[in-house]
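Once you've had a glance at the structure underneath, I'll fire off some questions.
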């Protein structure tokens, strides 16, 4: 087990290195960040001077070596836009996005679990059809579109909730619902098909035969078997959520990583992009690693291959 | 409890905990407090340090904390802000006297040393100030007394005051003690408000400066909220979460009016045009072709249909009547398709031609629709322009690198100096990212920069404007509108052509 | 019991048939756009801008009304179908074909190639697709071809992983061993005998991806990184309409409806396919 984890950790480190290197090259090839730092009123000499102070006049491999050495110490340089060290900038943006994503997953689970379960138990019924169409409908709307509609209805028309900002839990509701739609549909589907499968198993029939109530069967026996695919899906959806957060955060003026990184990409603020890429890759790799270890514990058939 | 259940419980707990607990801080900054003004704007400053961000949206927030030596007076001249008076000693030397009794927020008095420090900081390339180019003609600052100093330029440089309208004066001793990062964390200026909070991409809060040298502001607090999405900003106005919102899309004006909000439009100091690259081989080298394109575009349609009457047609020059050097005698190119076709035919291009048109989405007010409209109209005279959208982040860069065009949308900013010199500088043969070259233009323009007498300088700039109209290095479109809305209870709010707001005098009544 | 199950299955088939029917009509409309569209999708009639749909007082000249530049919305949706569906189909086909081919090769041959490709796919899957595509477009610039390229580049890894897993589970099947004993070349075995048996989850994955790519294209349009105007896409029409929501609902309603119904139909069809082929599949 320890050897397996060690090997996986090494793999993970290599993966993170690979991602960061690709990001470094991509950003450098995509254009010159200096022009973004100065107004159109700067002279060529001004530009050259700024370039020198940033070390951008050095050959690419020198820049890369310097970047790696600094990155190993957690130093990704100073954000060109915010004139602050990039790493703490990214840290400080993370809680807002994590909070939003967690709330979205909660909303998604709260709706999708019962929906999927009912649909699965009553497979083929009208309820099933309605449930699945509803779940899928949410997924069929672009985030920005849904977000604007929610603002129009719940903030402007009904005046129930604030239209933007991140000050209180009330501010969290609309963006969380917007972001919840995609995972909601996916979770509902998984729960439904998991239900269908489990309910045809012999031990469930036995439980039924023992006279257990249907709800008890579902909760005590069927649910635990859904845990693995569900946890997998939640982990996979981490990335999807971050992608959705890009748009959702823009609509709701939510000060999170999604907005930070998109603007960083667009303004070629490469220290920030690199810091985000690094933390993101690390997080995803660690999540995958944890999952694999959990699977190995849960399911003896999984070998430490 | 089985392992599975434990994991499920753990997941549920983590989600709940992060949702409820681990979030953001800060008390709600809603528009409830009667003496607080909440302003919705596309973005807030990237840093509280005013020398490091030149984005237009940052300027109003900086102006609450910091002040300049001089500002434009709205009539083509200048008024002193921190400077009480100034005079020119010789063609390269200017002498300034500061107001006495001006105090920074930390209690220190403003002295000439602060001015010297400020200008030298911007001139130092290590600062990486985006404002460097505006004042790079300054050679040195000489302190001649506690409140007097001289600015020496490299050669005669008429638009010096114009350059100084962007220079926020910082306290030298405080800055040196704190260092740049320390200063950005707790910035100190002389302005009507003192720094409160700054949250990246979210909000900046400033509070009344009770000891402000020109009398305390009527507001207790101003909150600038960064709301990038137009429809969200409008929604915030409708729900009352915002007291003031700027850059309202023209289509939303009637609706907000119907809701009882006050609406205003200011013509911002920014001339929207289509630049035409005429210094490389191609059809645009011929003046007749450039003129034909100007005749082919219906400016009135842009103004009435897209901007819904907000804004102002540029009358054959890149600045509006609010700029020094504007020529009131020029007329816009009329919309005249037959004349456009004739000019094309005379240039030997009766069949039209194909050309690339670089555009943006969301960089300027209604830019995408204006681009599509212009392209549709050019097609009427056989000019088949292919629109290519360039991502906002690299647009200036490609402009400077001369990789845009031959046609590309552009807005020539001339605020805060409100002077035609600013944009025209880029029409010289040696201008940064230049796309047009005329010896006559260069000569006349250079003359205007050496001319210290304002009356004669204005006349020279007006002659330059005439020449530019005839040469048609761009398709002249409109001066872009800045539409803003304020709740009824807000009194005295106005947005200015130089993008600033006089928040010092604004009052907020009870809800 | 058996009878009831049959009824349920039939109902599933009915939903799927309806979805498929809708998609066929949509695809036909896209293909026939130049012949059935009443107007040019880019022709501007500024004087007739924001004309409401016919039944809301706009007149029959423009059935679904006109947009902010006076362009016919019905025609733009028809042409937009071509672009939106086309982008999605081409991008998914490219991603699917590349990912599958590499996955089959990696799964069948193993060794260094497999390790390298697997590492590459892992690296890529560590990154949210949306962010990856935005980054690629920042590199390549916006535009039809680049949007397709970015989505294809961003999408191959999922197919790779799935194809490889499928092939790994089939590699040592008896019929494969038999084929090998008969001296059939490896490439032929891999693609002619192993791949067809591994195909069904890939098809399901692809169907969901088409829906995902259509949505992603609209997000790109929202961020100003999509297909070049004036080419109409549903996403771009939706993104442009958001300033006009309160004064001209038809600008948003019809492209929104087209997009939602299409994505819904694709997803329902994907569900049905999965139920049919392999209900346990996690996609």
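For reference, chains read A, B and C in written order, and residue numbers begin at 1 within each chain.
Throughout what follows, a contact is a pair of C-beta atoms (placed from the backbone, for glycine too) under 8 Å apart; a residue touches a chain by one contact, two chains touch by 3 or more.
Here the structure is a predicted model, which means the values were calculated and not measured.
J.: If we define chain centres by averaging CA atoms, which chain lands farthest from subunit A? Would you check?
T.: The most remote chain is B.
J.: What pair of chains has the most C-beta pairs in contact?
T.: Highest contact count belongs to chains A-B.
J.: Nearest whole angstrom, what separates the Cα centre of subunit B from the Cα centre of subunit C?
T.: Spacing between the chain centres: roughly 41 Å.
J.: Between subunit A and subunit B, what is the gap in Å from one C-alpha centre to the other?
T.: Each chain's C-alpha centroid was found; their separation is 36 Å.
J.: Need the CA-centroid distance for the pair subunit A / subunit C, whole Å please.
T.: Comparing mean C-alpha positions, subunit C is 21 Å from subunit A.
J.: Using the touch definition from the top, which residues of subunit B touch two or more other chains?
T.: Correct list: 231, 391-393.
J.: What positions in subunit A touch 2 or more of the other chains?
T.: 148, 152, 250, 265-266, 268
J.: Touching two or more other chains, which residues of subunit C qualify?
T.: Each of 138, 242, 245 in subunit C touches at least two other chains.
J.: Along subunit B, where are the residues that touch subunit C in the complex?
T.: Touching subunit C: residues 230-231, 249, 251-252, 254-255, 298, 301, 305-306, 359-362, 368-369, 371-373, 375-376, 387-393 of subunit B.
J.: Within their complex, state which residues of subunit A touch subunit C.
T.: 11, 14-15, 18-19, 22-23, 26, 29-30, 123-125, 129, 132-133, 136-137, 139-145, 148, 152, 185, 189-190, 193, 196-197, 229, 232-233, 239-240, 242-244, 246-247, 250, 261-262, 265-266, 268, 273, 277, 280-281, 284-285, 288
J.: For the complex, which residues does subunit C have touching subunit A?
T.: Subunit C residues touching subunit A: 4-5, 7-9, 11-12, 15, 119-120, 122-123, 125-131, 134-135, 138-139, 211, 215, 218-219, 222-223, 235, 238-239, 242, 245, 252, 256, 259-261, 263-264, 267-268, 271, 274-275, 279-280, 282.
J.: Under the definition above, what is the set of subunit B residues touching subunit A in their complex?
T.: By the definition above, subunit B touches subunit A via 2-5, 7-8, 11-12, 14-16, 18-20, 22-24, 26-30, 46-47, 49, 52, 54, 125-126, 128, 130-134, 136, 180-181, 184, 199-202, 225-229, 231-232, 235-236, 238-239, 241, 391-394, 396-397, 399-401, 422, 425-426, 432-433.
J.: For a test of understanding, state which residues of subunit A touch subunit B in their complex under the given definition.
T.: 31-32, 35-44, 46-47, 49-50, 52-53, 81-84, 89, 92-93, 95-96, 98-99, 102-103, 105-106, 109, 148, 151-152, 155-156, 159, 162-169, 172, 176, 224, 227-228, 231, 234, 250-253, 255, 259-260, 263, 265-268, 294, 297-298
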